[in-house]
Structures are given as C-alpha cells and as structure tokens.
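Okay, got some structures for you below.
First chain A sits with chain B, and in the next complex the same chain sits with chain C.
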Partner chain A sequence: MNSKLFFFALDSLWRRGGKNLAVLAVFTLIITLLASILLLGGSLKKELDLTLDSLPDITVQKLSAGRQTLLDSDMVYTITSIPGVSLARERVWGYYYFQNAGVNFTVMGLDFFLPPYRESLRKAVEDFDITAHMDEDFMIVGEGVKATLNANYYTDFFNFITSSGTIKKVNLAGTFKGVTSLETNDVILMPIALAREVLEIEETLATDIVVTVPNPVEIPTVVGKIREVYPGSRVIAKEDIRSSYQNIFDYKSGIFLALFITVFFAFFILVYEKASGLNAAERREIGILKAVGWRIEDVVRLKLTESSLLALSAFGVGIMLALFYVFILEAPLLIDLFSGYSILKPKVQLPLFIDPYTIGLIFIATVPIYIAAVIIPSWRAAVIDADEVMR
Partner chain B sequence: MICLEKVTKIFEQGGEGGSVHSLKSVSLHIRPRELVVLKGVSGSGKSTLLSIIAAMGKPTSGEVIVDGKSIAKLPDHFASLFRRNHIGMIFQKFHLIGEMSTLDNVTLPLIPGDEDTDTIREKAYRILKSLGVKKRLGTPVKNLSGGEQQRVAIARALVTNPEIILADEPTANLDRKLTLDFIDILKRLKQEGKTILIATHDPVFFDLGIVDRVIEIDEGRVV
Partner chain C sequence: MNKKRLMTAFIAIFLIVALLEAIVLILMNRTQTMQEPIKQAAVTLTGLPDLALSTEARFVRHRTLSDLHAYFSEEGTLPEYFPSAFTYAPPPYQHAHARIAGE
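Here is the complex of A and B:
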C-alpha cells in the first residue's frame, strides 16, 4: 500500500468533511441498528437455548376442564416404576403476584437437602448454608426479585398474602444467580413446606412432576407409558417445550425481520445515491488526477482507500455502539419487541453473546457493497479520456 | 520530438447533435527545445491538439509520435505513465483542486509514484520557490490570487521535470503584469531546454523574441 495514497485519501475525505461526515453518520446508524437487531436476537436466542437445556426431560401435569390443576403426589411412585425413568420428583411451585410492583414472582418449593432437579438451581443450593436458617421461614431470591423487593423497601423480609388473605412473613436469606437470568431472575426459592403455605397447596398435592430419563431415545416411550397410566394428564417432553418457545421466538423474529428489512432499505438508498454517479466536482477531480498522470488503477485505489476508510470506520463504530446499546444499556425500546409477552416479569439481563457469524454477515452485507458503490462510478469516470472528464 | 501525421479528431455529439470535426488531417513537426505558439481563435482546435499530444485524448485517425514513440492508440495505463513522465500541462482554468493546499496540489503528479513523501514535498517546495511562491504553501489554492494560482499550476506541470510543456491559453485569466511574469517563466524554461507548445490567441506571444515559430490553426486545419 502506497502510504502517500493512504494519506491523500485521508486528506480527500477531510476536504469533503461535511458530506463524508453525513455519510459516516448515516452508515454508522444503519450498522448500529442492524447489529443491535441481530445481537439482541442472538442474545435472546442464546438465553432461550440455555433455559431450555436446563429443563427436565419430561414434565407431568394434571388437567381439569382444559386447565392445569394440582395433581396427587402419589403419582411419583407409579412414574418412578416405569422402565427407563431414573428419577421422578413432585414440584411445588406457582406464581405470586406482587401488586405494589405489578410483577409476577415464581415461587418454587425446594428440598434443600437433596440435589435440585434443575441444573440451574444446583449452584443456588450448594452456595446456601441451610443450617443457619433451620429455625426460620426463609427464602432465597433471584436478582430481579431482590431488586424489585428493595425498590419497595423490603430488604430483610417479605410479607406474602395468601389467597385466603393471611399474611406470611418470610425472611430474605440470600440471592442466587442461575445460568440464565430469563430462567431465574423472577424466581423465589423456599423450603417445600413453606411454599405449600404461601401458595396454599395441600400436603398430598403437587403442582407437577418432573421426570428424568437418562437415555433420550427412551423419552417418547416413557411419555407414552405415562399417558397410558394417567390418561387425564398432560405429559410434556423437553422437545415439546423447545418447539413451543421456538414458535414464540420465531414470531418475534418476524417483527425483527420487518425492522431489519426497513434498515436495509435505508442502507440501499445510501448505496444507490453513491452508485448513481459522481457529482461535477468529483468528476472534475478525477479528470485532474488523470490529466496529471494518474492511471485508472491509481484512481480506483484512491477511491478504494477512501471508501474502505469510511466504511470500516462506520462498521467499527456501529458495532461498538450496538454492543454498548444491547449489552450495557440493555437495548431500551428494542427489547420490548421481544419481551412483550413477559411484561409482568422482572427485567431480564441479556447474556453477553456475540456470534462471529452475525458480525461477519453484517460486514459482508454492508461494507463491500458500499465500497463497490463508490468505486464503480469512479472507475467509470476514470476510464473516460481525461480531457472528456474535465470538459 | 513531436510529430503529428494527418491527425483527425471527430467529436460525436450524441442525439441529433451530429459530429464536430475538431481537427482535420493536421500534420505538424516540432523539434526539441523549440518554443512554438499555436495561434487561433476559440474553437479552432488548438486545445484538442494539445490534449492529443498530451495523450489525454485519442485522435480519430492519424499518427502522433512523441520522442520516437507512437502515442495515438496507447492504452490508458501507458498513456497516463507517458503523461506523468514526459508532459507538463498548464490549463487555461488552471484545474487545481481548490480545497487542497498549494504544496499538495503541486505534489499531485508524484503521489502514485515510488518516491517517498519527504522527497516529493521537497521537489514541490523547490519548484514553488523557483517560481517565487515561498509563502502560503499550506493555504488552500482557492484562497490564492489568479497569478498565484497560475504559478501553482505551472509548478505542478514542472514538478516531474518533463521535457515537454504544453500550455493551453495560459494568459487568458491574467492581467498584463501577470502575463509578463509568465513570459519570464517561459524564457527560463526555454533556457533550461524544454520543448514548449503554447495554444493561445493572445497577441502578446506572436512577436516575442523567444518564440521560434507561430503556427496558425483555423477550423481544425494548419493554415
């Protein structure tokens, strides 16, 4: 690379500072929007995948009038006896609506002396010293819950109001963080007996039963057998939940796609403006360069350097701004498009997930196209005889 | 040095404009170190002739030989190199890049070459100094006076040390004093052994002692 040509290109960009600054600003904005959309989508998809990976192999629920209802805890014994099942465990959980904040918490009963059925809760249990809280009603909460409670002046305890109207005071013993915030941000963990009190679930009943089947090939068979034994139950394999979530994600992606297309359209207007030809001053400048002995390749190299400098700057700054917007500011406005269905849930922390493929895709879809849009009209002007260009 | 044989140039106007015969079978021989004035009214074909000699445009037919090389049909790559290495062109409207500094305008022909930045700036500075432009080297040329701009244009034409200087209506935008200054510069260039071809209709050149020949062109023909 001829360093003189590089500095001449820099100088040339500087000379047309106003125009180039405007192009740089628009290009950067477009890259920022494109990258934000794709980075946010990728981050949420990652969050979703991590959440789904930690789900139980099979979940058994009871339906009544088409709605989920509580089931008999005794079902655990029958399900455990099915060949292929290594573990079946009842779960006591439900939603608690915290009116002051207008959010739903997920209250989960947990046996703190047993390994948790969910990988994401393992660390929460392992890190927690149960012996210090044996003689009190306690809970440990996700970070989103902690923030919501603190914002409502509950720093050490929380008063649950049960559906029969009684108040149950529960001490706040600690916080925990799961693999993904989507999964654990709104979760309150407490001993099973306490969860039964708060949610008013009788001793013989449970919310659902989770089943572990070590061999994934056997899952459909086990699902079939549970359905045979309990015809009124809803038996959900992990894959069913995955496709259900995927459908929601795909729907939201459709909205993003519309936004994506709009931004791309703006980019192509910018490219079209560049590709549609040079203005008189630009043509004259190329004519002068040719007249003083510049070859076509010198002119093309100059324009390549100019456009690369501008496009790469816009790309670099745009990606940085997108990373800042998505992962530091947590994508205000844009995230509402995706998380609209969980408006009652506390705020989600986006996992830092940068897919090189996504960044590469944005690069390929923008930078070379812009460079080509600048070079082609310049090349067209450069191949014409110098006297004709200047005339 | 410069030899034109039956050079014809036709410009196609496009649409219903038809075609314009700018040069009609022009033959011309210019010897090394000669100072020749091409005399003619506007539109007579002088500028077209200069641009063909500078390999900036190609003749429709005929042969152009400069320094023993045929340049009439040179591909752009070689035509540009020929122009850069052999020709210094001074335009009527100077054709400087207005927003660029004086020094940068003069270094323009040398940028694609192999010499380093310091060397080309040194060359440009020396040429400018010899033409009496010592100050305002960093000033955008659009802020210079007409006379200063012309000196910058001359410096740009001379910075590659070409053997041939072509000047197209060089005094058309200058007052009497600046025209005399330009003639002084021409004298120096002639003393340095340059071959100079000036296309003009300014009578001041016709009776100058330094002019070897005046060739009149009328409606695309040598009279």
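Here is the complex of A and C:
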C-alpha cells in the first residue's frame, strides 16, 4: 500500500477525531461483549469435554410414568451377561437438601476399595487416608459443601437427617482439590452402604446402573440389547452425552437471544448511520480531492484504508479486552448468566480455550460490514462530477 | 509530527499489552494443562456428567441425566422458572422429535 495514502488516511481520521473516537469506542464495546459471551460459553464447553472420557460408557435408568425411579439391583446380572460388557455396576446416588442453607448437595455412593478408584482418590482428594477411617462413617466433600457446612458450624462432621427422621452422623474425612470445583463443588462422596442409609434406598434397589464396554464399536449394539431386555429403561451412551454437551447453551433463545439482539441492534445503528450517506463536509472533501486530480479508485482506496484502520483497531482491542475479561478477570457478572439462582456457587477457574471459528465468525459479522457501509456511500459521492459534489 | 507520534504510541501500547496478555494466557494454559488429570480423576470418582455451576434444579445440575419431563417437575402446566432454564438447552435426546443415538 502507498504509505503516503496511509498517512493521508490517518490525517483524515484525525481531523474528525471526536466522531471517530466515539465510533471506535462503541465498535470496540460491541465486539468485546459478543466475544466475551462466546468465549465464556466455549470455555465451559471445553471444561465439559475435558472430563468426558472419564464418564461411564453407558448409563441405564429406569423410567416410570415419565420420571426416573429406582431400579432393581438384579438388573446388573442380566446386563453383565450381555456379550461385550466387561462390567456393570449399580450406583446409589441422589440429592440431599440442607435446609439451614437452602442448598442441594449431590450424595454419591462409592466403593472406595475398588482398585481403579485408589489412584483417582490420591489424585483428586486432598490428604485423604482411607485406613484412618475404616471403622467409622466418613465422607469426602467438594469445596462448596465444605464452605457451607463450615458456615453452619459443622467443621469435622455432619448430621444427615434421613427422610424417616433419624439422624446419621458422618465424619468429614477429606475435601476435593480446589481445581475440581466446577465438577465437585456440590458433591458428597461416601461408601455405598452409608449412602443407602442416608438416602434411605433399600438393598435391592439402586439409582442407576453404569456399564463398561471396552470396545467402543460395540456400544450401540449393547445399548440396543439393554433396551430390548428392559423396554422401560432409558439408556444413555457416552456419545449421547457428547452430543448433549455440544448443544448445552441455548443460543437460539432466552437470555442469549436478548443479548445478541441488543448487540446487533447497536451495531446496525452504527452501520446505518454510516451507510445512510455522507454529511456535507465529507462530500465536499471528496469533491475537492477529485478537483485536484484524484481518480475514483483513489478516493475509494482512501476510504477503504480509513475504515479498515478503524474497524481493525476496534476488532483487535475488542478481542484483547474480551480475553482479559473472561480468562484473567474470570468474567465477573457475565458468569452469573450461567450460574443462575444457585446459592452454592463454585470458585470458577475457566479453562483457556480460544476457538478460531468463533473469532472468525465475529470478524466476518462485523468488520467487512462496517467497511462496506463506509465505502459504498463514498463511492457514490465519488462518481458524481467534482463541481456538482462541491456545490 | 504529533499525530504520527501518537499513532506510533498507540500501536506500541497495543502490541506491548497484547504481548503481556499472551504471556499471561500461555502461562495460565500451562498450569491448567497440568491440572487436567486431577479433574479427570474427580469425574472418575463421581461418574457424574455436567458442571456444578448451577445447582438450583436437577435439570441443570445433571442436565444430561435428568428426566424427560423434568421441566414439568411440579405440575404439568407450570413452565420452567429458574433463570438458568433460559441459558441451558435440554439435551437433544430429550426433545420429543429426537432419538437417542444408539437407537
């Protein structure tokens, strides 16, 4: 590009400094807002995808009258006998409502002595030694649960009140590491037998069954067979959860729609103001340029340089601000869109994930439109005779 | 020239800030990558999907495992009333027209 033209364009931007600064500020703000919300959504999706492979291959639930109900533990034996299944295991879990704080905890029963869990316990739980708690009722809690219990003066134990009214005292044996708070903030992990007592689930019943199928190719066949044997069940394979994670945010309605409408409305006012025509001073400028010998393409090139400079600076600064806001400041205020009414809010540490498609989409949706909205009216003014434009 | 100097200053500040931000983000990314196995171990233990970001209702806390009719958990005519229902979409296999992939 001609450097003289570049500096001429800079001069021209400078001459209408106040107006251009206002456009730059609004444009930057729009891009920041749009990029922040999409980056934040992408980051939460990334967090989900990170742990997807640790989930069970197949989860079997029993449905009754459209609701999930407890299922018969004996189903485990039938499911294990299906070819391709290496392990089927009943799970006992549910929710415990802690009335004093008004929060729901997720209570999960776990067989602490199964070999695959030993390594995981060592990795995910802060100083926990199972041998010290062999002969007592114990639990491992998430950070949020611990904070809630501490706020209610339970520092080393908790009294669960079962649905029949009996009190069950359980010692606090460990806490999940802080980095896992997005996964474990509301979780209470305890031995299966204890979970049965707390949630009052009989020996012969279970919440759901998880199935391990070593060969991923066989999963659809196994799912089909389970469904054949138990028509009243809902079978959710890992692939289903993957597709569910892909569509977790409702970008087409609700809060996002409201936000996108606001952003695009603001942007189109900006574009409309530009596209609706040049003011008298700008027209005169183009007329003078033509009178001193500029060609139409020179005028268009000047306007292209001007608008690109403005739009690209707005885009660059906007994306930078968004990255700073989302990943370094941890998206204050905006994160509340995702946590809703929840009282038990985790300390969020958003994983860094920058999706090039998202950035590209924001670029395409804003920058070329703005540039076109500047060039087209200028071109229209430039094709008219110089004396007519100046008059 | 004053304008040129100002422009150079703007570009310089932009580049310096961008560089600093990139360094911070790269360092952050490195620590986060090291923490990934811890998160995976935690999910191996719980075996539960979804994030504990919103725990107000079952259909957001365990969105992928919730009931087909969880939106009507209180009564058939009562629509969803938690703000998070306006943020999270139900899993695709809970739409009436969709099917579970294995079918």
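Things worth noting here:
Keep this in mind: the second predicted complex is superposed on the first by the 197 of 391 C-alpha atoms of A that agree within 3 Å, B and C clash if a C-alpha of one lies under 4 Å from a C-alpha of the other, contacts with A are read in each partner's own complex, and residues count from 1 in each chain.
The working rule: a contact is a pair of C-beta atoms (placed from the backbone, for glycine too) under 8 Å apart; a residue touches a chain by one contact, two chains touch by 3 or more.
Every value quoted in this text rests on a predicted model; they were computed, and no experiment measured them.
In the superposition on chain A, the chain among chain B and chain C reaching more residues of chain A is C. Using the contact criterion defined above for the overlaid structures, shared-chain residue A:Phe7 touches chain B and also reaches chain C.
Shared-chain residue A:Asn247: touches chain C; no touch with chain B.
In the superposition on chain A, A:Phe327 contacts chain C only, with no contact to chain B.
In the superposition on chain A, A:Glu239 makes contact with chain C only, while chain B stays out of contact range. Within the superposed three-chain model, A:Met108 lies in touch with chain C and out of touch with chain B [touch as defined at top].
In the overlay built on the shared chain, the residue A:Val383 is in contact with chain B alone; chain C does not reach it.
Shared-chain residue A:Asn279: touches no atom of chain B or chain C. Once chain A of one complex is fitted onto chain A of the other, the partner contacts of A:Gly293 are limited to chain B, with no touch recorded for chain C.
According to the touch criterion, the shared surface of chain A, contacted by chain B in one complex and chain C in the other, consists of residues 7, 11. Within the complex formed with chain B, the residues of chain A that make contact are 2-5, 7-8, 11, 15-16, 284-285, 287-298, 383, 385-388, 390. Chain B contributes residues 48, 51, 54, 56-58, 76-77, 80-81, 83-85, 87, 89, 91, 95-97, 99-100, 104, 108-112, 116-117, 120, 156, 160 to its touches with chain A in the complex.
The touching residues of chain C, counted against chain A in their complex, run 3-4, 7, 10, 14, 17-18, 21, 24-25, 28-29, 32, 35-56, 58, 60-69, 82-89, 91-93, 100-103.
Every residue of chain A that touches chain C in the complex is listed here, in rising order: 7, 10-11, 14, 44, 47-48, 50-51, 53-56, 59, 61, 63, 66-68, 91, 93, 95, 103-104, 106, 108, 110, 116-117, 119-121, 123-125, 142, 144, 176-177, 179-187, 189, 208, 210, 219-220, 223-224, 227, 234-237, 239-241, 243-245, 247-250, 253-256, 313, 316-317, 320, 323-324, 327-328, 337-346, 348-349, 351-352.
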